[in-house]
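Dropping the structures in below, format is structure tokens.
Both complexes shown next keep subunit A, but they swap its partner, so subunit B is in the first and subunit C is in the second.
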Partner chain A sequence: MARLRPSAPALALLPALALLPVLITVLAALHDGGVEIWTAFLSAAVHPSLDPVLLKALFSALQVTLAMALAGWSLSLVLGVLLGCCASERLMQTWHWPTWPATILRRSLALPRSVHELIWGLLLLQVLGLHPWVAVAAITIPYAALVARVWRDQLEALDPTRLQALLKGGAPPLAACFTALSPAMGTVLMSYGGYRLECALRSATLLGVFGLGGLGTDLQLSLQSLQFRELWSGLWLLGGVSVLLETLLTLWRRRSPEAKAGQRRLGLFLVFVIGAGIAGGLWLQVLLPDSGSVVWQGMGWPDWRRLTQAAADLPWLRLIVETLLLTVLAAGIAIGLPPLAIVMAPSRLWQIMLNAVWALVRLIPPPLTVLLLLLSNRPTLAIGALALGLHNGGVMGRLLREELEQQSVHQQQAMHASGASARLSWLYGLFTPRSSGYLAYGAYRTDVILRETVVVGLIGGSGLGWQLLESLSSFHWDAVLVLVGAYALITLLGEWLSDRCRTRWLQS
Partner chain B sequence: MSSLLQLEQVQLAGSQRDRLSNLSLQIHSGERVALLGPSGAGKSSLMSVINGTLIPQQGRVLWRGQSLRQRNRRQRCEIGTLWQDLRLIEELSVGQNINAGALGRYGLPWALANLLFSIGAESCLQCLRQAGLDPRVLGPEGLDRPVQRLSGGQRQRVALARLFRQRPSLVLADEPLASLDPAIAAEVLDCLLDKDFDGSLVHGADAVMVSLHRPDLIHRFDRVLALREGRLLFDAPATAVTPADLQGLYAL
Partner chain C sequence: MPSRERGAATLLALFLCQGLSVLPSIAKPALRVGAIPDQNPERLNRLYGQLADELSERLKVTVRYVPVSNYPATVSAFRTGGLDLVWFGGLTGVQARLQTPGAKVLAQRDIDARFRSVFIANTAADLQPIQSINGLTSLRGKRFTFGSESSTSGRLMPQHFLAKAGVSPSQFSGGRAGFSGSHDATIALVQSGAYQAGALNEQVWTSALKQGRVNTDKVTVIWRTPEYVDYHWVARPDLDQHFGSGFTTRLQRAILAIQPSTPRQTTILELFAAKRFIPADSSQYKAIETVGRELGKIR
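Here is the complex of A and B:
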């Protein structure tokens, strides 16, 4: 009898089965009026509003989003690198300092990292009021902790012999660290830093959807008032900026990694990071001169008895099960859909069309997709899973394209020459050699999706996110604190699990 | 002997190494053909033209009398290649790699099942034995062993087993003896060239064509094709090839 032994490509395709229950639920809950609204929405894509007044307003809003993203990104990168160095036991040993402070710092960074930027944004909004720097801080806090983790992990993973050789030769520790670590770490900074800039743009838009200003706010208002042509004007504008940013980053990464030029590029990159932070801050000041200064609204210390009471009142089992189900379904769609879509028809034209679709779904913030789906459906967990799955599927689709571009076509040619059809040649010859790396990134993405469930939960009416919004709306701070703690705990567990999966798949 | 494959005035433009000039030849059923020539003579290019990886600018390639210009799936199945770089799929197990040879005969469900389950074990083991590898050397994992963990010789056998699983009518082997020690090279050649008592090739194909750098082995073949700078220098029965012919072939 055949034994079950799933290999990496099968594990990458199987999650697409999550589409079945999601689509069945969504289609079953579809109502007739939705067709008309969807037709209007889709036809507006080719007829966006070109009203000069609107375009001017959208352009101003886009500038706010960009300024928030740049300032948040720059601050988080600088802070993250500093924190990452402080959290590295290896660097501490280089200076003959005790390593326990680094260990404590590393562990305590897990909390800001595990809370999604949207939750940070909503919390800061309550205590600091509406101010553009609230969005910047909401991006900076979790991003700095994420960068610190990656930076610290990379420092620990580097070959220590080069550093030791310099130290044994009498080089001062700081000079030795710069000489031995900067070439490899510079590459990490440029590659990961570039990726985080794209994330910052997405986050700044998302925060806007929840009222923190910028283009996201305009998009949300257009959608709520069913002004699809205005909505598409904003989306195309955002799309143009995203494509431009992606293209610039791709060109930057493709430049030759020759050693001396590499050091020069690193210097340029650092100047850009710091310059972007200053420019972003000044830009916000110019764009929103009446925003005033940040004012602390004040919050009392939580009372232990009230916290336990709030915890006891919450329906934990339902909330956690819904959150995990949302994660599993969305991750299944995000991981399984891109390769499944290609294997169904791996023609060049189809892949170009798919790339355009991935770019579009990556562009639309998931809460907007949820709102769109809600125009023709009732709020269910499936709606949230579909929105989150499609958005992250866009990210996975782009990653898959980049992975496949690096793969030699030799195996595919061999499969095709032996009589395999085009789709099987693609599956075995092109996708299979890249499937382990794809799955490893899928594990990381699942971790991100778990964090992002709050985003769709807030709108889709499911999971911890929805409960969090309810508690925030009713100023039930004890419940908010307990829920944020629970979210942090779940995402840390998810992070641990995804790390294990990623390590396993990368080793395989 | 009926003609299996026919090349008529084949012209392949490319770099010095990839060029083929006005090449015409035939391969008949039951033949074991050695393809000789110095490095860059066009041996791999000729193999690639025959298996469809390269498309010639001029000339015709006929398979059983039919043009291979737009080769269909059945025609591709009938020509099997043992690639010089083996082209095994490192991420898959031995069994999955061997089964990959049969993809031309099955559809997507079977291909997905092969990625999900250990299937077709009997056929895989048979092909592996045919390729001269005792499955016991794969250890307790057997066919589930990842190909990444095989030695060079074992990898060659798995590639050979994949080829046999394809069940081609014409076997093309591109430098199959390169980087193998003499004992293993001799065994691999046996697997490719040995005939049954009825005169048919043991692995079931109708004909085999092997490119190699070892003129001392031409006595194992029926016919020798010699290429130099993309041109056919001579095409003769193996018994008729003289040391002077070979000297002329490899002389600078």
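Here is the complex of A and C:
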């Protein structure tokens, strides 16, 4: 008997099942107590504060965030590409060098990658002090490791025949690599690199929410004190910049690269990356002239006995179960909701509205969403999952749109013309051919969500994330170290799992 | 060298040069003033803008306000020298001084020597006003929220009094207390009914009442805690080295000299909700330290 195997579109829609328990919990706990505050919040959206003092402060905070994002992005891209090359067994073989250092490097890069930039930020803050470069470093470390991984995977995945042919023909290894690999890798660098810039802007904002300066700090302070009009001034400002950035990047990606123009574009991109790093660094220096120097303030080595004591004090089972539950529910919402929302009404107007919604939810840092949702609800894990799911759903929604734009509409039109409903022809004509790629992105997003659970831990104090922030605020270093270790371990396991799922889905 | 390679080398050199910007700037040192984020940012910016001008004029140094949105970050920034003078809460001040040996307590407000928290409850939660501390047991099984996890008046002292009455956070509904993140958020979350009860800084509650930001049909005070000491100004130990000998003393005098005599000084005191600043001593905060250790917030 043939094994029952779900088709790819079903697989992409199935995660939306996570909405069921979440919505049941959330709707059951819904109450009208927050109506006044929600009204105030929504009406503030159209009446943001235009106080010149506030706007000036927000504008300079926005510049700090942008400068941090640019500097962190540039550094991480350069470092990531270098590390990625060093971690590539294929490149090592080209030079006839042993491949084991590359393997070791590749495996050890998993560690910086598995820790969320927020945790890096909070840890670096402890040893380096409150300095704008702390945020830059916090973005650079995990991002560089991520870029290195993608770069290395792409290098290994390339068809090696051209490279081998050039080498056999007697070309020196460096020239051979550039000639054989640069066209394909240039495209990877430009599209993936551009995408990282958006991520860097989101991360820089989030780091601000946790006190590392910039616009996030102002947003968090405004929300905490329920100054919605001030909050919206900041949100509109951030929204404007993000939408502008995303539009520019999409335009950049869409222009089809020809062979010759492609090389020029690659050069232009490299100049831009390096220029962004320099500009970001100088910009920070100008914006915050007296932030002093970065001084390493060592913390002393933890001793084993105290570490084990700290580990024994923590309620591991509860922490881990909560973290995993949060991840699974949030990932389900993030992956399943975007296609489900389109399937419900595949009309042009609805899609435009959806895009606006996705833009909004990926803009607002999740801790802010949690507090807003909580105002008319009860503190449950579901609220955290919903906030995290919606935020990442915003990212997935945009990815889905871009995937679908690359798909020709012929199949959909043919199905529609032969009498299928708009919904079905969208599902089978447009979505199905793209669903496995979308799912692969989804698997990767799940890793991100697992790392991000740290940012919504606050509600009802759930999961490892909350425990980590509590230990940090008690300056209980042993517990902090143990928890970061646990986080890294779970993330690595999750990554391994999602990698396996991705390979399977991409093959099917 | 072909021009393209030269170009690449120049770019690379420029890129590596950006590391130089991390080097200490040669600019004159500025006094960096910070505060734990217990108020709205607009108020914080206004308050510390005025205060920076006042101190700058009196002390003849550049004074800059550095906003920080989270309590432990303020403590770390003070320890690592990113902030020179900080308006700390009771707990964060003790944490900061333990981590920064030699840091000096400069002053507190007149109200800080006798500070209180209030426990508030949603009127639909069926909670009666509490007469004595043992009445706190009625909070068992309710949804309860603190403010920020490092707040003295929004977490530490309320949790301490709850513990005295034999109530632990695990006895609240859901097996733990929530953390709203700020005093204002606690009011909003209890008023909306998300939580049935909560605890916060009495001064924030009073000013929210005065400004009409509270719907008293929906949320009321059920208990005022006994008095304890809270907020204080703490200065880093190395200020005299950076700004000249005797600077810390001059700084302390400048803070204590803020009286409602000029419009700016009046505004500062108003925003601080104080009549004046009074001298303070680290020994006053011993009790806070003991409570902090009991609850695991100080190690």
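By definition in this document, the second predicted complex is superposed on the first by the 492 of 508 C-alpha atoms of A that agree within 3 Å, B and C clash if a C-alpha of one lies under 4 Å from a C-alpha of the other, contacts with A are read in each partner's own complex, and residues count from 1 in each chain.
Simple rule for what comes next: contacts are C-beta pairs under 8 Å (C-beta built on N, C-alpha and C of every residue); 3 or more make two chains touch, one makes a residue touch a chain.
Note that the structure is a prediction, hence the values are computed from the model and not measured.
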Subunit A as common anchor, with subunit B and subunit C clashing or fitting:
fit
Touch test for A:C86: subunit B only (first), subunit C only (second), both, or neither?
neither
Determine, under the contact definition given at the top, whether A:L371 touches first (subunit B), second (subunit C), both, or neither.
second
Just checking: does A:L167 make contact with subunit B only, subunit C only, both, or neither of them? Give me first, second, both or neither.
neither
Touching A:F475 in the superposition: subunit B (first), subunit C (second), both, neither?
second
Which superposed partner A:L226 touches (first subunit B, second subunit C, both, neither)
second
Of the partners subunit B and subunit C, which touch A:Q126 in the superposed model: first, second, both, neither?
second
For A:Q285 in the superposed arrangement: first (subunit B), second (subunit C), both or neither?
second
Touched subunit A residues, subunit B compared with subunit C:
C
Between subunit B and subunit C, what minimal C-alpha to C-alpha distance in angstrom results from the superposition?
37
Residue overlap on subunit A between the subunit B interface and the subunit C interface none
Can you list the subunit A residues touching subunit C in their complex?
31, 33-34, 36-37, 51, 53-54, 57, 71, 78, 122, 125-131, 133, 208-213, 216-218, 220-222, 224-227, 230, 270-271, 274, 277-278, 281-282, 284-285, 289-295, 297, 371, 374-380, 458-461, 469-470, 472-476
Of subunit A, residues touching subunit B in the complex:
2-10, 13-14, 343, 410-411, 413-421, 423-425, 427-429, 432-433, 435-436, 508
Hey, which residues of subunit C end up touching subunit A in the complex?
11-12, 14-15, 17-18, 21-25, 27, 29-30, 32, 37, 39-46, 62, 64, 66-77, 79-83, 95, 99, 122, 143, 145, 149-150, 174, 176-182, 184-185, 188-189, 191-195, 215, 218, 296-299
In the complex, go through subunit B and note every residue touching subunit A.
51-53, 73-74, 76-81, 83, 85, 87, 89-93, 96, 100-101, 103-105, 107-108, 111-113, 115-119, 144, 146, 166, 168
